[in-house]
Amino acid sequence: MRAPGFLLICLLVAAAIFAAALAVGNDYVFFAGYVVLQYVVLSTAWNILGGYCGYVNFGTAAFFALGAYSTVAIYKLITENDFYRMPIPVLMLVGGVVSGVIGLGMGYLTLRLRGAFFSIATLALAVVLETLVVNWDYVGGSRGAYIIRPEAIEPIGNYIRYLFLMMLLLAVAALTIARLIEHSRLGYGFATIRDDELAAEASGVPTLRLKLIATTISGALMGMAGAPFPYYIGFLQPDSTFALDYAVNSIAMPLIGGTTSWVGPLIGALLLGSLQQIITVTISSAVNLLIVGCLLVLFVIVAPNGIVGLVHTYLQRKPDEFVGRRRVDADAPGTVP
Amino acid sequence: MSLMTGSGGELLQVDNLGKRFGGFVALENISLSVAPGERLGLIGPNGSGKSTLVNCICGTLRNEQGSVHFDGRRLDGLLAHQRTHLGLARSFQLPRPFVSLSLIDNIRIPLLYTVAARGHGRAAHDVEARCSGLLREVGLEAKARQRPRDLTQVEMRKLELARAMASEPKLLIADEAMAGLTHSEIEDILALLVRLNEQGVTIILIEHIMRAVMSFSRRLVVLVSGRKIADGAPTDVMRDPEVERAYLGQ
Amino acid sequence: MIFSFDLFINAIISGILIGGFYAAVTSGVSLAFGILDIVNIAHPAFIILGSYVAYIVNVSLGLDPIATAIIMVPAFYVLGAGIYQIYYVSFEKRGQESLRGLAFFFGLLFITEVTLVLYFGVDYRYVEAPYIGPTWHLDGIDVPLRILVPFLVSLLLIAVLELILTRTFVGRAIMAVAQDQQALRLMAIDPVRIKRVAFGISIATASLAGAFLIIIQPVEPSVGRQYIGRVFAICVLGGMGSLPGTVVAAMLIGIVESFTATFYGPSWAPAVSFGFLLLTLAVRPAGLLGR
């Protein structure tokens, strides 16, 4: 299936989802759905660097927060004084650019090293960024920042529905980008980096350049996911924004769903995201995190190729490593269209 | 394939190359040159530094001393993939296939990233045909859609060689590509390398199988304990007392 | 920012003292990551576990935390050996350690922290011991005993570890495994068993480090996170696996943190070691094979 066709189908599905949500008539659907969609974007973004290239990013929260705090800064700068509210798509772009640039910079510093050092550096980045924000009073510091969420926006009405719609579109964009990468020369290059970087270099793959591209795209998408967050939550606190929950979720969802294609993070985010909404409401958020952690460890040990891998194995009836690859080929052991 | 060479006419020029790992001297004062179209054999006992030399030439390792010139260009500071783009290719002694890709995709990578980078853009079906052709030359066409884990050790070596060939190099370094092959398989690979050479590819053959090295090489270089101890016509080199000592032992 | 000599000296002294403690905390990581290349980012979680164990025993039996930790060393060793076995079979053997192995440890970090929260809540816990509270005042220099005692025992721990690594057969086998597993196999020594022992020792140090931690400061489950960056910064700075290097690096970071807290305020402290880490990594020589 060519990219425009895929995009069209995604948009149709998105339209159907939005219509269904409207039909339910309960705003809670939008509140909860927003979070799940947010995780679709974060998991897909993480997977571009993690699943495709094999570089683990523990600092999802940092990139997410950069997007969120860019919005806060703009809000303080413009909206509070002039009452001009920057539209969400523009905020997303700003958040994306900021996060993308930081991702590029950090990648440039650390991607020439082994993967383990990169991963540790991403942990460090999250903490350094959090410390900087906590000490920066302009965006509220440790006390937090209030963002006034407008009541409504025409023609959609309720502002939360507008946010949901924006995140829905961003999710479509993220999935399309992921799929585009997979089926392109870039996707092949990423796979070689994951499999054997030395051999990739010897074959002529410019590994550093590709890794930087992956980090930038991944970081930018995470920033875009974070940009509308202040409007969603109304009160932004460093504690909750930089929480490790984002890291564990954006890692668990692709690993549980399956890392080799765009389908995995989507499945992981939908399943795990929905599960978490249910558990948080019925039991507690701490138990919720415990379950995510346990599922992560379990899947990583028992089902390394995730749910997609399990389905594939079941269909193939023989143990096989899933290779979600490019062409639809009659001989190939199963590809994702 | 053009055989452009720089000053001096040599395709590969290694001057006083030295490499240490901490206190251990892996290579000391290695100088050698390879003319375009030449068939060079590189031999030496295990641990003598052959693979380290290849790694330094190809950019996988950085040499502290000396320099490498390829096709008239100084290679210092160039990353491995840049050297591959210039026309330098190597196969790894211990095969390093891309395990999550099929065989044909393994071959596709150098075509996508090296050949395409040189500006010889090719249509998709052309690339596909080229990949199949390369697999056919090493006898792996039947397994084109399978993954490297389904291959035998011997087949992995052939894949390794085919992948190196896929980058359409000017100079191919084959690092122990024949280990473990049967007599006829060795003949096949030798014939393949000869064919490549006749098409204009310069070849450095690193091998332990003396019969193959002697029949293939026009010139032989011997490395022992990180030093070059002989460099000349194969028959002359094998009669060198120092070489005899190194191989027949003290 | 009032610069006084007393303040300066005290900052250095407390930096050195806390640095000794940091070295003990890092010693486990130097062993696992520095020498054996096992990226156990969950190590701080085991330290917090050690803290809570010391806390429980202290509250119920009144036993000294360090004594508790020493008694618990075998249990932590077994835990470490068990975890390594799972890690080896699931990841190292399959060559998956860089992605899934890392995620595994991250998951463990999370599970440990959240389980502690569920069991103990987020209140700070502290222990009681005769040396917690008193401070020696020596000529303008304040030396709190609750930091001095862990400092001394930490140095003792490091010395013991160094002796093990250099003088005993097992220790030297561990160093050998890091260099050449094949050679070890040829000597009929199972590298996996050696690595299991090493990882067991690594986690065993966490038992002691945990006791030191809760002596020095009150502990709650998320405290471990502050130590992730510190520990890896010190390990990398100290030369990856050299215990003496770890001590020097730990004291350096301790001093810098101490100065930052004294002259700039404690809210900047977390950024120091993490910032150090980023700097160290950025300045390291480049190269895929670089080590």
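The letters A, B and C name the chains in turn, as written, and every chain counts its residues from 1.
Criterion: a contact is a pair of C-beta atoms (placed from the backbone, for glycine too) under 8 Å apart; a residue touches a chain by one contact, two chains touch by 3 or more.
Note that the structure is a prediction, hence the values are computed from the model and not measured.
Innermost chain of the displayed assembly, by C-alpha centre distance to the whole-protein C-alpha centre, is A. Each chain's centre was taken as the mean of its CA atoms, and the one lying most distant from subunit C is B. Averaged C-alpha coordinates give centres for subunit A and subunit B that are 42 Å from one another.
Chain geometry summary: the mean Cα position of subunit A and that of subunit C are 32 Å apart. Within subunit A, the positions touching two or more other chains are listed as 194, 198, 201.
In subunit C, the residues touching two or more other chains are 287-289. Along subunit B, residues 60 each make contact with two or more other chains. Across the interface of their complex, subunit B is touched by residues 185, 188-189, 191-192, 194-196, 198-208, 260, 321, 323, 325-326, 329, 331-333 of subunit A.
On the subunit B side of its complex with subunit A, the touching residues are 58-60, 79-82, 84-85, 89-90, 92, 96-102, 105, 108-110, 112-114, 116-117, 145, 147, 149, 163-164, 166-167. Residues 33, 37, 39, 41, 86, 90, 94, 96, 98-100, 102-104, 106-108, 110-111, 114-115, 117-118, 225-226, 228-229, 232-233, 236, 267-268, 270-271, 274-275, 277-278, 281-282, 284, 286-290 of subunit C are the ones touching subunit A in the complex.
Of all residues in subunit A, only 50-51, 54, 56, 58, 109-110, 112-117, 119-121, 123-125, 127-128, 130-132, 134-135, 142, 194, 197-198, 201, 244, 247-248, 251-252, 255, 259, 286-287, 289-290, 292-294, 296-297, 300-301, 304 touch subunit C in the complex they form.
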